[in-house]
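Going by the order they are written in, the chains are A, B, C and D; count residues from 1 in each one.
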């Protein structure tokens, strides 16, 4: 089978995003989900074959390093699958007006396409393009909340994001200036000679900051709480769940392929630690559930950064586990938070209105803080055992940070659970409004229920998933294989040298 | 399928069964029968047993294997669960359900606890152990949170403690893996003692802290009393009697089996004078004294018992830390003994609550004529808790005392005795304020608790009495557990121990005691004039005419003189410590939020970029 | 100092029981009587000035303890009720309650003239004049106030009476309760009652006499809910009234 | 026949203890009288009191537990006496040890406390609260002393402790081996006997004799019996730990009476402490002496 199917990962959603105005109503509404389903199927297929061996595609058959390269290893395939599935689960089925809905659906699809592109891109330029695409779609979606607060938040996000893009672009330019190529495989090949110096590191740092805006990296994550608090829940879920993970993936690839340097790892580690500390502690004092989730996701991504900073496939495995786990849990929590937004005090007694919703919240919370046998525990286990195995004391410190912030996380999440099950605030205040207000709609329950089902399935299948995960991490860590796959010629020339 | 598989499978079936059928009246009997079956199965099987289920995760095997040490705890767990389940299944459960609580969740939480504990007790490696540990913690949380608003608040207070403990254990687990390359408990037994002192000390600190929190050792004890006291009745009994002992199980495993006590004694703070082992012993001793002292100040029967539960844990740990045959047998036996009478006591308090609606020690009194069986339970229970003959609590404490005496630890010995004396004072207050003194007018029509409640309580205290008179019955399990753990094994007889340095024969002591009571009764009832019962208002009041509307009863500030002296001793410094940590967290959180509230994030971004670049370039 | 035979409170000494031929029983009874006479715990109800003479009687000069007499604090412990002075209506209620709470055999000694006939308070409207109207008095020690010698002497006479079995007026209170109750009711009003159960005790100890019950006890029973002691019960039987005051 | 002999001992030991205790009560009252320049009670006065109390014709009880309390108080001491070796008889002392004995002697107190509680009289409850506080006060130095003795003689078994002392004569008595502990022990014994200034729980003028407030007839009689046992037990433990036990009954009784006489000759010139002051004084002096003594013994 031709690997040109790879292009569909990007092409299908884009097509579905821009075709609808030309189509009649019924098909129009189904086109997006259909495209996503196809991408998901493609993801499953790709995952199965790439577990054995990665594939790459040179678009238009321009051989690298000249052309546009898509590279899919099992990690990328899994992310493609995840992008499709999560987008599907967070699909905007309803809107205020038809026009509004069209726009939302289109933007969502663009976002999905961009995310898929980020997952499979094999060169930095494409990465930048897809990243910009995702950013634009993200601004559009975030502003779609319609409220003034949402617009203000989006505006700030926009400034920060643009500045970030600029920095990333600057970094990419520096790299190009030094190495003369943007193809990742090529870069991996050239990096030891050209980029492993302060100059290269500076470029890495700029890219880190730039992409870090989306990945909620500490220093550039200040937009997150406001956006998540004001945007629609499913948008928050997409941004926190999906986009951040893909930015993370790109950074991880960059780290593995081009900059496997202790300084780069150190930067990642320190920023990750700071992100975890600030995020989780800030969430401790959050007074509404959406901001709390936003900060929590900053913390979780910090944990992922810490994980990726661990050298070797063990760290990658841990980072992947954390990222994927967060991808499963956080969107679902944001879905639940849609109706339960606002001050935490409002939640009192909500469990009586929506017992199933409260149970789901508890399940996600438990997984998030890493209670075995839920998947979150295995992610945390991988992270900690990876950190403990490092000789550097900074890694042990990071382990300590992870442990302490987990305690903080447990406290604030359980505070919410306590609120949910506490005495009904409705008793004292206007009961009817409250009752209606706090009951979760069936669609929300169905959405997060689906995530919960996935989570539980992963929990049950954990013993059988460890081997693929390890394999994925190995593949991702194997930069020689990457180079060899994308640039067979260079690899052979290397070998002959 | 071997016995352990069946055991675990049955336990795994019960939580869903409880959630499905918990509302059905017969469920308690069904669960009771299952638990009885499990007890018989467990008591009869040959150990050690490895479970058929074996997982392979990240290249490490995760498995379950039960030895005699685990079985000892497992039997206690199942027994207490049995008593609690039966208690829950009757009138108490109906009242509980009528109060808007869910019997399904309560049964489910209890069954979940049993399952979690069995998993923990039979874990074969640290991952299985941690899974069991966390499940126990959260199942415990579920059980704690069942009693309404206050219970929920207390349970939430438990969360940071439980989580800190879990994270400490997890950290220890990660370091163990990094330093030894294995997580298998059997393999670790050989490797861990060979680690150097720094590593061992760090592991001891991490694991020790995690386990101490569960056990409620000082200074991590504050969560336990409210969490256990406010839970729903039968849940409180289960939590109080056995839940916290999981911490002891883990500590014993760590100290004795994995690290070995001699290695722990190598970790010296002051060379030759004060080692980690001494530190543990002193923590245990302080855990005996200070919580007992707090218990003495309680005015709520449930809290009083819960605080004593914390204090009693100290005896168990102290016995194990001494580590000789007598002391460790005492410590382990105390787990069993304590479970029997503590469960009975808690159930009795909840029986009183069931009838009177309160556990406030200042609003009760004189119930002995109305609830004589409950009184009997509480009487035998407090004799056990206070550690007086003829109940079993005496035997285990005696073993601990004796080993402290022979080990030459006068101050520790003194602490244990002070704990016992304080307990006597406090439990007398408990029984006096509940059952003795003046019967309140509003309680005159109260009836004895129903059989579904009195039977489990009576069964427990009878067990406590029988194993007090013939401690050999329980000591056989203890000796097996000692052997499995690698401790010196106690040479016991049916009546106690025989040793050249002082014997204990409870058969004789109990026999003579009851003969003495018999003679006393003969003297009292046989000799002298007839007596006539008088009404409680026919009482000396300096010539005053008593009437039922005026309270003639002494309950509040019961030990005024004692409190005058020791009341200000440590002025709730632990509570202050706890609030200080909470406040510090809150402050840190506020500071962190400042970061996210900045008005010009773009500027920060630029500054960060410049700074980062300069760091990268100048490094 | 004298036992005032003129005051008809002491029933004529009962004939010595013939003993029924059982020598051992007689010896035993003698022993008990002897012990009773040699061990007297007194409750001094210090109503008036006579109390001042008791400390000297107890302490080094006269030392009652050599006679086996010592002070006690509560009615349950005491054998002798010493009423040491004028008895106001209000005090009398307490004295009666105290007397009823004592365990028999119990003895009442009225010290000072006030207990005999009101003494210097003979015309006070608020003073009970004659103690023996309200409870059986075993011994009066007259005087205003009687000196310790007189007190000791009176006590010795009481001891002798006890040893000889002549002093069991406590039975009189049970047997003629209606009479005493009548006098009490006349003074305190018809709603008078104590938290004790004299009639029940009379029944329990077989001290029922022809005059135990009568019109006054009928009056008492009309408005009194008897204070039945709380019996232990398992709650399986019917819920009976436990008793109220 | 070993068993018969043992049973006989078990019967005789409490009886002897009671008899000795009766005379100790007498001695106590005599000493009080002498100090106050009185004659004091006749020889058999304690017996008269007990017989009279038992022989009361009407007695009031506050319920089953009121009775049981007295039964436990007397019965507990009867049992305790069989664990306390006296010349020629060891009873079951070697099956129990001194620690057990110390705890068995708490049973009567607990019984009494239960009985008093049932009386529904706050004076009694206050008395018990104070008595238990006093017990907390004096038992703390007491166990320090027990610890010292059992460390010194290497055994928890009173029979062996006594044998070890008698084997070496006065030089090996506890009082010469551990003089500080002996002083502390005497102090503790004093507090244990509960006479002035440690009489906090009786306090006749304040709480109407506390625990005894509702005790009359045989209830009070039972308490008198208990007092006899208590005096005997306390002094016999002291004699066994520090004065070499009894070589024969003559010496034994002499020692016993001497031990009781010392605190009693001081007691009656004192007023009464408050509860908190009892704690302060007992936790300070005998504790300090005891701990130093233990340190010396263990050195």
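FYI, a contact is a pair of C-beta atoms (placed from the backbone, for glycine too) under 8 Å apart; a residue touches a chain by one contact, two chains touch by 3 or more.
Just so we're clear, the structure is a prediction, and the values are computed from it rather than from any experiment.
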*Weigh B-C against B-D on C-beta contact pairs and write down the one with more.*
B-D
*Whole-Å separation of chain centres (CA-atom averages), chain A against chain C*: 96
*Hey, how far is the Cα centre of chain B from the one of chain C, in Å?*
57
*Go ahead and note the Å separation of the Cα centroids belonging to chain B and chain D.*
35
*Compute the distance, rounded to whole Å, between the mean C-alpha positions of chain A and chain D.*
78
*By residue number and range, which residues of chain C touch two or more other chains?*
74-76, 101, 201, 204-205, 229-230, 232
*Tell me, which residues of chain D touch at least two other chains?*
53, 55-60, 62-63, 208, 213-214, 217
_Multi-chain contact residues (two or more partners), chain B_ = 366, 368-369, 439, 530, 532-534, 536, 538-540
*Draw the chains as points, connect those that touch, then say whether the picture is a line, ring, star, complete or other.*
other
*Mind listing each pair of touching chains for me?*
A-B, B-C, B-D, C-D
*What does chain D use to touch chain C in their complex?*
29, 33, 36-42, 45, 47-49, 51-53, 55-60, 62-64, 204-205, 208-209, 212-217, 220
*Mind pulling up the chain A residues that touch chain B in the complex?*
156, 159-160, 163-164, 167, 198-199, 201-202, 204-206, 209, 213, 219-225, 263, 267, 277-279, 281-285, 295, 366, 369-373, 377-378, 380-382, 384-385, 387-389, 399-400, 403-404, 406-408, 410-411, 414-415, 418, 421-423, 462-463, 466, 470
_Under the stated contact criterion, what part of chain B meets chain D in this complex?_
366, 368-369, 379, 383, 386-389, 394, 398, 401-402, 405, 408, 410, 413-414, 417-418, 421-422, 424-425, 428-429, 431-432, 435-439, 495, 500-505, 508-509, 512-513, 515-521, 523-525, 527-534, 536, 538-542, 552-555, 558-562, 564-566
*Quick one: in the complex, what on chain C touches chain B?*
74-76, 93-95, 97-98, 101, 194-197, 200-201, 204-205, 227-236, 239, 242-245
*For the complex, which residues does chain C have touching chain D?*
31-32, 34-36, 38-39, 59-60, 63, 65-66, 68, 72-77, 79, 101-105, 201, 204-205, 229-230, 232
